[in-house]
């Protein structure tokens, strides 16, 4: 019996005005019935494009080409678009996307969207279709499925919408399910449930599944086989445990070291230098060579072949045997920084928003913060953890003085924050934001952006400004030549460094970082987390870190405050809370966080 | 969407060496529509600038005995008057050439006045929100609901017609587009983190508006300016056509169309020629605007 | 040019003739004359209107006590059969006994007395009130066929006013159910004229039908439809497609072009209207302004090429004039000073007056834009920096009332009255139109209305017109020509007083 | 929802009154209606008589509040010019303007939406370029000039359609085209960008993954979403057509509100102008309100909180 899916030498190119993007190059994958193939890669690695090419959902101008593309023995390349959409898309291959919020049509009911695929194909009668839809909604865990049929997508939560998407895809009983980052947009606790659901369904229905994710941990837990993509190529492939426990390719190895692991003692992360390769003119040789620490001369001359590792496992590298890594963990530089007194205290903060949910809706009140009290001590890193909607960002804005609470008081340096002049406040605490694309003024050069807080303080001497900017760039390890660049010329990681440089140019005592790494790829995240560690060690910075990622908390926090629905539910030293949580919600969060079941030793072997 | 992410990654990788201004220039020069529009505008601007050199006659000099001559390609024409003469025996070509001055002056002047009003109100409404926003929105609705023609006629009479009055009136009537766009853009930019960063560094609203917001509105304002240029030119011609705009004997294309209207069945060129001039000028402005919009908007949040 | 024009127009007409969807010829089969007017017709009662269009209509629907012969300017009987001055301020008028209103009732002396007494009374608020109240004390019924006018003073033009301005109404017309209703006749008009109103939609269409009970000569054409078509271009299109048979106030170029085709006939008739520039000699706008200097005013007169303007811009029977009245008017003495076109002389005079480099001049106009522009260009040519303000009539009137106008291009039709009185009084006595500031001239002109001696009037006007010319209070421009386009089937006789009389038309 | 509509209604009235006050002041400062009514050869005593007859010698505030009081009792006054109650006059003329506005909208929809949709579905194709060309040209053509050119073309060269008047539907073809053409660029561009945006939306990708393509995909998934903003714009454009047909109505001699407005303005017929401005303002705000309500009816996100 043939394999469920076999694709050989898939390439996708995207012509742009003036040049061509090689988004996928020479990708071969295969999948058995009932198995899961995980495709991992950072953004721009071509993992989604490969799946879209299979589903014929590429942008109009893109050109896809493959030597083999077989589903269940049927050569998909021979089907015209019309037959493909009738026979394959839907009934044979179903696909779930990343954004449950936008993947359902907002103007039609759930019921209509569930049933239309089957109805338009005339597969089932109206009654039967409805019955089936309700059954499937029930199966994916939607309460009151019959009632949901007449509701609209916006009346459902994100997790529920993703469940509806799954149920909808299953309406036509596909034999292959492609899940493209199905949980990336969801909260951790929901994420685990959805992944479990997908796993169960795959087993029940003996479907093949392709699980695409940027998150190694997600793939590690749920896949039989794994393909690691980088720069449009598969650079390593094999059974999940083999690839993730004993990665062979230098890139995969570096990636593993760049991820903070909940199970291990926190240490310096292995950041990968450089940035992702250009897709316009990929190198002649190994795609990873420019960033590889094992680079040899022959790396750049010709593209290395896929090399078999141990029968189950192959990698694309010139090295005949995979390099070995040292097992030692370099300790964090800032570990053991002394902690002083409270520098920012918030007492009994309440924040109530009045909103109109819809144009014609009644006004309603949202209690964003409910009697929150916390304090930040000099020299410590306090992590504020919670899922979306827990009020953590609102709290950050109040602590920064950007917003006024409905009630309660914030004291900074032992004075009410309202009494501080804006400049005094700015001199003491500075923010770092989540999205490095929106935190820099795109119309200003880096020198202007970084110097701005100083100018606002009234500094006019251009020499002083120039020197301060130069120093700030040094602190964040950015080259001086970027001074006259614009933000659009930088990568995401570089931008986040600029944001940090701007925050530090006035030498504040404290930083409030709102999800500083969640928009970044793991390799870049490692760079930023290491930088924060350096800053703490060098400048004794006090840091309030807002995050949803337990691994990041584990990596750099001294103390943790857990928030749920605007309330603080648990507070304590980081390692204690992570090991022995006392609150059910904290426990749930920890249990849901994906993790590698392995030790440092295993990485090295 | 995943594919757009990929393509921007690619473009970014390629563009990393260029500043936004260089990218802008590069794209401008490869945009056919923009080049055509800019070419038209530049040509007409040059004609306006060098009108005294180009015009074969004084546009005001009348020869009553040589009135209503047809253009050179028609029988009975006089080679002295390439495009014939008007109802007062003035050279039509010269009047068309001098008409560029009127149109361009009024277009630029009115678009500037509209910009001043619209951008100011738009930024204030977008930045401060609340009651300021409500008040300005009310003003907007009232302005939109007020028939512009009436306003124009009334104002022309009160102040007395001159090219400057027409500029002022057309400008005062055309600020809503600026307002709507800058208001929503300001709202969007205001919610971006770099504004929060500036506020956290102690910037006053004034400093935020000047330093953080206005530079980011620049490209959108330029785009609207270009469109408003065309709209203002058309508005002037409509007013002049109805007799409440530019006063005779100043050569305004709208006025010339009105003058030629009576005889349009017999001397259609009197109506057709100034109309073509207007069309070319306005289409030039619109093509430029379209081009600028194409070039500036796909940058999205990065531009 | 003409050759080309001919070809184009014949092409136009050929297409028009073959392709028009509406019948291409006049509606003579229905014996209906369709006239177009640009001004909206809103009120049919001439006692409450002023505009020229209304005079034309009033000729059709109403009759006056007397008629004025357009050729001889003699007073002719109409509703009245005769008159007799009892003394200088008492006038007896005898009436016909067969004058029928459109509703069939006969006109009585009471009706005539009522009409005049009503209009002369302040509460009538009639537009004719000013004309009448000036000289009429009251009207008295003597017997069934005779009424007696008591005048407040000697008034030489009494017969003319009786002939022109007052339309006869049945007694009690303007009082409906005890309430004054000044609009009583505005749409459902009951007059005594040769046509009666069949239907009237204000601003759109007026349908008239020959009134068989009319006391005078019956008009030839059975029906007249007057349509409001505000745009001349549209009127022209309608004329070409045969939708209308008659249009007036046609711009010269249009009249000539369309008249050259077989689709329409161009008629050009005399018009009592004259065009002129009024100069602020009194210095209302600037007490020491250049216009207060007679040399400057003479210079302006010399600067204007009125011959060319009349020939090329007005055309037809238009002629340059040098008097502050129409040459055809009684008392318009042509021997007064004429300033020939001489820009050199104009410049010399300006220099002599102390303005060798000219001066800025705001010049207002409200009609005949090409002529206004031509004037402006001629003045520019002698060095005067003209700011032409071409505005709506009411704007000009308002600004003039506020004494804000230094010079304007005015026209005056004299209400069709071929007597200098009809133009002199309004422009040179107490009126905001009088910018001369000459009190003696004003007394002189008013004195002409205090006598019934025509020779004396003649010499008074002669002196007045001479003074105006010598002092150059005006720069007279040209007389007008009335341009009509008519259906080729229509016979439309023109009268020398320039008033179109549709009732005299007939089919060819 | 009722409360919302009531609030918007109140706003509409407020806007209308603000606008009418502004118009009243401007109009009364700008012109003296007595002169306009009297005409060319009017003598001063005639003007004075007229001024007294219409109460124009009273102070401005008195006249405004007089008018306002009338409006509140449904009496918009009597036209100086037409000697008729203004409300009656406007009601008489509204007919033609409604016909013109709706037929112009019909023309706009007929041209703009299919063109925009075709352009959106074939970006960068010849049809897209043509659509863009149509939009750019239609934007650049002065409306009054287009009207005159149409009259020259159809009045003289191809006399198959009447060029003036409002008697039959044939009379409305040219004016509707000219008036409708002015809205084509905006509506077409909006349809195009809206549809391009929708076709790139995640839920369209979902539908394609479910096996929809071509016309069913467009009809069942894209059109409704893409037309949401278009419907708002159409409503607003329709509102503007009522007041914006001044030029078209006068060029083609259609006896509607636009021409009435122009004539009344030129004739300083203040009561008529006042009511027209009031009506235009109300219509404009009402159309905005209608657009909101339509959107709510189509978009469940607005309808169901």
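First chain written, first letter: the chains are A, B, C and D, and each begins at residue 1.
Everything below uses one rule, namely that a residue touches a chain if its C-beta (ideal position, glycine included) is under 8 Å from a C-beta of that chain, and two chains touch if they have at least 3 such contacts.
For reference, the UniProt names are A = Peptide/nickel transport system ATP-binding protein; B, D = Peptide/nickel transport system permease protein; C = Peptide/nickel transport system substrate-binding protein.
Predicted model, so just to flag it, every value in this text is computed and none were measured.
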- Message: From the centre of chain C, which other chain's Cα mean sits the farthest off?
- Response: A
- In whole angstrom, the CA-centroid distance of chain A from chain D equals 50
- Message: Suppose each chain is reduced to the average of its Cα coordinates; what separation in Å results between chain A and chain B?
- Response: 46
- Note: chain C sits from chain A at a C-alpha centroid distance in Å of 88
- Item | Residues of chain D touching at least two other chains | 31, 151, 155-156, 202, 205
- What parts of chain B, by residue number, touch at least two of the other chains? 157, 261, 264-265
- Shared-interface residues of chain C (touching two or more other chains) are 12, 233, 237, 240, 392, 395
- Query: Looking at the whole structure, which two-chain pairs count as touching?
  - Reply: A-B, A-D, B-C, B-D, C-D
- chain A - residues contacting chain D, complex: 55, 57, 60, 81-82, 85-86, 88-91, 94-95, 97, 99, 102-109, 116-117, 120-121, 152, 154-155, 165, 168-169, 172, 357-362
- Which of the residues in chain A come into contact with chain B in the complex? 14, 16-19, 21, 23, 43-44, 46, 48-49, 52, 58-59, 62, 98, 180, 276-280, 397, 400-402, 421-423, 425-426, 429-431, 433-435, 437-444, 449, 452-453, 456-457, 485-491, 499, 502-503, 506
- Item | Of chain D, residues touching chain C in the complex | 31-33, 35-36, 38-47, 49-50, 52-53, 81-84, 151, 155-160, 162-164, 250-253, 255, 259, 263, 266, 268
- Message: Residue numbers of chain D touching chain A in their complex, please.
- Response: 1, 4, 123, 201-203, 205-213, 216, 220-221, 224-225, 228, 292, 296, 298-305
- Query: In their shared complex, at which residues does chain B touch chain A?
  - Reply: 2-3, 5-7, 9-20, 23, 30, 192-194, 196-204, 207, 211-212, 215-216, 218, 299, 301-303
